[in-house]
Amino acid sequence: MFRSAVRVCARPVLPLQQASRHFASATGPQFSWEDPLNTKSLLTEDEIAIAETAERYCQERLQPRVLEAYRNEDYDPKILEEMGELGLLGANLEGYGCAGASTVAAGLITRAVERVDSGYRSGMSVQSSLVMGGIHEHGTEEQKEKFLPELAKGKLLGAFGLTEPNHGSDPGSMETVAKPHPTKKGYYSLSGSKTWITNSPIADVLMVWAKLQETGKIRGFLVERKDCPPGTLETPAIKNKTALRASITGMIHLDGAPVPEANMFPHVEGLTGPFSCLNSARYGISMGVMGALEDSISRARTYALERRQFKGNPLAKYQLIQKKLADAVTDAAYGTVASIQVGRLKDEGNAVPEMISLVKRQNCDAALRNARILQEIFGGNATSDEYGIGRHVANLFVTQTYEGQSDIHSLILGRAITGVQAFV
Amino acid sequence: MFRSAVRVCARPVLPLQQASRHFASATGPQFSWEDPLNTKSLLTEDEIAIAETAERYCQERLQPRVLEAYRNEDYDPKILEEMGELGLLGANLEGYGCAGASTVAAGLITRAVERVDSGYRSGMSVQSSLVMGGIHEHGTEEQKEKFLPELAKGKLLGAFGLTEPNHGSDPGSMETVAKPHPTKKGYYSLSGSKTWITNSPIADVLMVWAKLQETGKIRGFLVERKDCPPGTLETPAIKNKTALRASITGMIHLDGAPVPEANMFPHVEGLTGPFSCLNSARYGISMGVMGALEDSISRARTYALERRQFKGNPLAKYQLIQKKLADAVTDAAYGTVASIQVGRLKDEGNAVPEMISLVKRQNCDAALRNARILQEIFGGNATSDEYGIGRHVANLFVTQTYEGQSDIHSLILGRAITGVQAFV
Amino acid sequence: MFRSAVRVCARPVLPLQQASRHFASATGPQFSWEDPLNTKSLLTEDEIAIAETAERYCQERLQPRVLEAYRNEDYDPKILEEMGELGLLGANLEGYGCAGASTVAAGLITRAVERVDSGYRSGMSVQSSLVMGGIHEHGTEEQKEKFLPELAKGKLLGAFGLTEPNHGSDPGSMETVAKPHPTKKGYYSLSGSKTWITNSPIADVLMVWAKLQETGKIRGFLVERKDCPPGTLETPAIKNKTALRASITGMIHLDGAPVPEANMFPHVEGLTGPFSCLNSARYGISMGVMGALEDSISRARTYALERRQFKGNPLAKYQLIQKKLADAVTDAAYGTVASIQVGRLKDEGNAVPEMISLVKRQNCDAALRNARILQEIFGGNATSDEYGIGRHVANLFVTQTYEGQSDIHSLILGRAITGVQAFV
Amino acid sequence: MFRSAVRVCARPVLPLQQASRHFASATGPQFSWEDPLNTKSLLTEDEIAIAETAERYCQERLQPRVLEAYRNEDYDPKILEEMGELGLLGANLEGYGCAGASTVAAGLITRAVERVDSGYRSGMSVQSSLVMGGIHEHGTEEQKEKFLPELAKGKLLGAFGLTEPNHGSDPGSMETVAKPHPTKKGYYSLSGSKTWITNSPIADVLMVWAKLQETGKIRGFLVERKDCPPGTLETPAIKNKTALRASITGMIHLDGAPVPEANMFPHVEGLTGPFSCLNSARYGISMGVMGALEDSISRARTYALERRQFKGNPLAKYQLIQKKLADAVTDAAYGTVASIQVGRLKDEGNAVPEMISLVKRQNCDAALRNARILQEIFGGNATSDEYGIGRHVANLFVTQTYEGQSDIHSLILGRAITGVQAFV
């Protein structure tokens, strides 16, 4: 799969300065500010190849688009198709047209995408981890065969509907409900509202979590837009976002949307279903945000070397600047090592959700904190969107809040550490 | 002056919930989260009246405009005229149509404006502190009489041109130059570029600091747009800003712009001139950012009381939320008390620039830090621009960088504390 | 009162470098790193005189003793007598041999003492604010006349018994009980244990808070050591403390200690009694810790100017050092201004307890945070106790935990801000 | 070697709760607050066995001694002999009676020791990394054979003399000098002073770095106490330390101390020599401080579960407490993973000194920061030395300052990142 991916991509592509800096094989050990703990040494050859493909694609095809996309809140849905062509979607899933790569490899893809923009990564995470991952884990064989190959190609677009307007950190209180369809036999009828749903306005298939009326338990449904009569499904975009403007976000309004029983996940009940999907997405975020942080470092370092103040010294010469860079580089290295470790444990079957809470929280917090501090290096110039740093800062704040706001993960960890819950 | 201001404003104005909360006279002491150290008790009646006028105007006339203005980077130049009508411009200056209020009063006006938006406050600060304040301090009697009354009314708009593309924290290295005009007798010819100039695209008079060729020393010039032949003065707007989008910012390109000798400040040479203007503006910022912080607190508190998660508890019930609020409220109170103290010293002639560095730095840093933490309370909803918190966060970052980036003020303080400079 | 205090002290005292630096009257405004916001300008002449007396005494008489006292956990009870002679005890109380100075003046005394050591200040706070203040506020006329004059002279030593081994932040759950004495008519019998009681091993009179058996309500009792038969009152010292080693701390074990009814406070019931005492003490802490911070600044600044590393530069020349000093100086200035404001409100009858929570928490946190950062300037030399900085750091941690740990004050503030309690 | 170590230790030892908790093999993955990222899975069986031996020894033999040792500044030199018996000294060195274990294994030993006390670990680090490591790397075959076996047994005690009273962060400016001995042929004569030298008062052999007079270059000398005539070598202890009181620290005064030429390191010149030793020690510190942090977590967690406040809830139930624990646990996990990665790179020959700067700085800073925050959980009880937390906090501050103060490592990293130095 990836062999062809590499080939597809390799043709029109010039060697990227960015990519080559990242994966240069040096003679003799030396310090690399881009990989100071030499995490490349922890990767397999396949993983390195996948990462190179992803980095190249992202730098060549996404980087040139992001400035305008973010300015204008204009997401190009072809991006997912391009990623699909390269095998970058659902890359860690087995079969059904997926690459079957490692969890770490999938993480390296998210890092490559988020090095360009967290919004692009969000769009991909929804498709790969939440929708494809959810179907792969909870779907029937028929559901898998019907949806996964097209999702993997990016020809079918997915969205994941869990969060509701009044229930963010507490999805267990959701109000969306599924009941037997009053007129269509063998169908459920879904009603309710979801919000902050990445990709919802462009999604063909929406994985919606709703309470089954007869049991009161949460179940998962694959809502197909093409089968919803007018007025039963609306997915208006949310505009004027303060961040993640290069991704498309919307609501899902269901008003008696018909869903065949065959589109319900057969076994999974309660929050187990959505949480297992989120777990996989969260892992991707933990690695993804390291990309945004690394790009922030790269931009700040370049700026600090080029900008001169006071007797012609580059900013890089000043202690207060060096400390900011040293802190950021260190946190990026630590986050990457930790995330790789969790990926390995996941593939060995030795991971638990709290480990993912741990790296998701810490890496999002560290990426945000450091990006903000690096932004100071740009002074007033950070106000120009062309330096890109303001975009990362705004985006990273959102990564800290979604798929488990950091405080919530603190309490998940606190519960695991002490055996006592402190949510209420 | 303010009596009429109050009258002008009082007529069409309904009692504001916001304003009344702020200045309610309670029976018996009680804790007010909006003024926890009862700083109102430090104000004179006049100052309270001025603040009320300003708060009312800002809440009634500016607040409804800011969302769209920020979205679309669309600054309404009438705002300065409205402020002028109320006597809010250059309010602490004596004579020439200015209100002659205290430094603290002027600070309370900036706080009222920045409670709505830092961009609006920036536009006003430039007019009031930098341009009017500069002319008042350094101008000839003729310059004062010619410019100040119209600037005070907001009928003439000003800009302040110090920062250059390659010289931000280090203005002493500026490249803009003034030399005798080659053809127009009694005129200087100015050439060079300034950037990040608030109001430049709409300004009628631009206070430009340039090196006088014959002496190599920095002098101040009042460039009048109406007198500049085509091609000698251009002031393109900078668009796609990541913050302060409700203000208008641009460049100043001078290419042989003619300025009569009578428009040069007569005595002040070197950085003393611009720095004395900045000093006054920085004081206003120190108080202004407290407004943005207080509005962030107010919004976060409201959200925390209304938003319910986990068994119907409002967010306000959770310890992690309360700590964020307590920290922010405390820093707002401390910043206000400190700023009032510096204002008093200024009016007594007992202030030194380092005091202003101290409150400018601390208050900007505290406002930004706390606004960011308060933003967490909103979770994903912070991404909606209608909650306003993201705007404050983005704006406050800029206040930390302009008129002396925080690190620069640290080094100014460090030098004053130790007697040793660490700039280079 | 203070006039004689000044005289008593003035005789044997040489002008102190420390004191003179603090209160020098400069010609023309200039930046003072010791008082950067010129808070001296907020003081009355009397307050300045009182502060000078206190500073002189502390620097001349306490400073030379503290190193050995801290090393050996050896508190000299004569200190309180010396302070009494100078009128420094209960200085803000009216009558009964007290100086009747302002709240701010009393705060300046605590600051002077804590500039030397937080332990010395703790010993004085207990005597002045908790014991004397408590009797002054809640005692009968007889109690006041009997105890206050001797306490003011430091000839009678007091302790304040509230905290119990199992009840720190939650004194309402106390277990100490008072019941009618089984044999002595007109007496109560007190039983229970108190811990972390400053001065308990040397106290002559112990203000003990206990639940009155018949009502279940908390009442205050003045336990006189001389009247307790052997075995009914024990006050063992707690040794091997990690901080506040220059103060003496102990437990109070009561086993049927007899207390005459006349020694119970007549009206106050519940936590109102101890909390009003604590309020006054907390105010003193808010000003006191500024003294410890200012001394830390002074020591760090001196070290940074004298210590040379890398090409003979003093440490003070380095940006990372200057930032530490600038931050600390700023926080000391802010804390002082805020504390003075609360003192003024207190004397005007316009203070509420939450204001004191606010300044106590913020100033303790700021003093501790900055002292720790200043400690870094000393590098390995901080390990030598002769530099004094490690002592301040260790002490200041305790100030953060006693009389309301910072988190508790956060929740007090959070409750006041939101109207919702989050203690449980 | 370790097989016998295990045997020696295994005999008198009961299974330790602490040790067993650490290395329990659970059925099925589960979250362990003691090893949340399952770093045990990264260790070899040998490494696990070594760690178990070390943990058992430390908990059984060191833990009971530390309280009194710290109180009284009383270091028991037999400790090194006990460690030697178990093969814990210089464990990663090959030959000469050393265990030849991995770098990570040696790190696990330091972690076990520092779980008890940073002072004990300091004493061991000096012996193992600085003295034994230095001789192993720079010594002649004769020097190795003469010194290493006895040092490995802990029968010969070593000290490392680099830092001078006036030269801490900048050892290149050292003043200690070696010149040909005026009377003893084939001998150098060393004169100068070293300070803050762990173990100096009890050391038999002191590795002293001095400038060779004839070249001006720094060289390393093995000064044997037994060969120094009275008056030529003095090693007074430094008492009244504010931290690391369970280790012994002193000065080294050399006044014409005779050192045979055979005791000079043959090839290494300049700062390369001491820096290579420090590199190894720093690695050990990076892992060691994780032990102190983990013990702080364990103590705080226990306290939070046992201490009840407000309606009988354990402190562990409160959100503000859980966040402190979650943060600490996360940083401990990250630090451990990162340190293991550097250890692996070191053994593969792929490490560079900046990597060690990176983990030394980050882990010391994180351990200190978190231990301080955990200390807050204890409230006033932290003042009792029996809770142990105050000791860790005081110790960890020193780890941040020695073998490269954190700011210095920031600048080392900054230089590596930017290519520009900012030391002066």
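All chains are identified by letter, namely A, B, C and D, in their written order; residue positions are counted from 1 within each chain.
Note that in this section a residue touches a chain if its C-beta (ideal position, glycine included) is under 8 Å from a C-beta of that chain, and two chains touch if they have at least 3 such contacts.
From a predicted model like this one, the values you see are computed outputs, not experimental measurements.
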A correct list of chains touching both subunit C and subunit D reads A, B
From the listed C-D, B-C or A-C, the one duplicating A-B with over half its contact pairs the same is C-D
Between subunit A and subunit D, the Cα-mean centres are separated in Å by 41
Chain centres from averaged Cα atoms put subunit B and subunit D apart, in whole Å, by 53
Multi-chain touching residues of subunit D, meaning two or more other chains, are 318-320, 323, 407, 410
Within the complex, subunit D is touched by subunit B residues 318-320, 323
In the complex, the residues of subunit B that touch subunit C are 29-31, 33, 36-39, 41-42, 301, 304-305, 314, 316-319, 321-323, 325-327, 329-330, 333-335, 337-338, 341-342, 345, 348-352, 354-355, 358-359, 361-362, 407, 409-411, 413-420, 422
Per the touch rule above, subunit D residues touching subunit C in the complex are 71, 163, 166-170, 173, 196, 238, 240-244, 249, 308-311, 313, 320, 372, 375-376, 378-386, 390-391, 393-394, 397-398, 400-402, 405-407, 410, 423-424
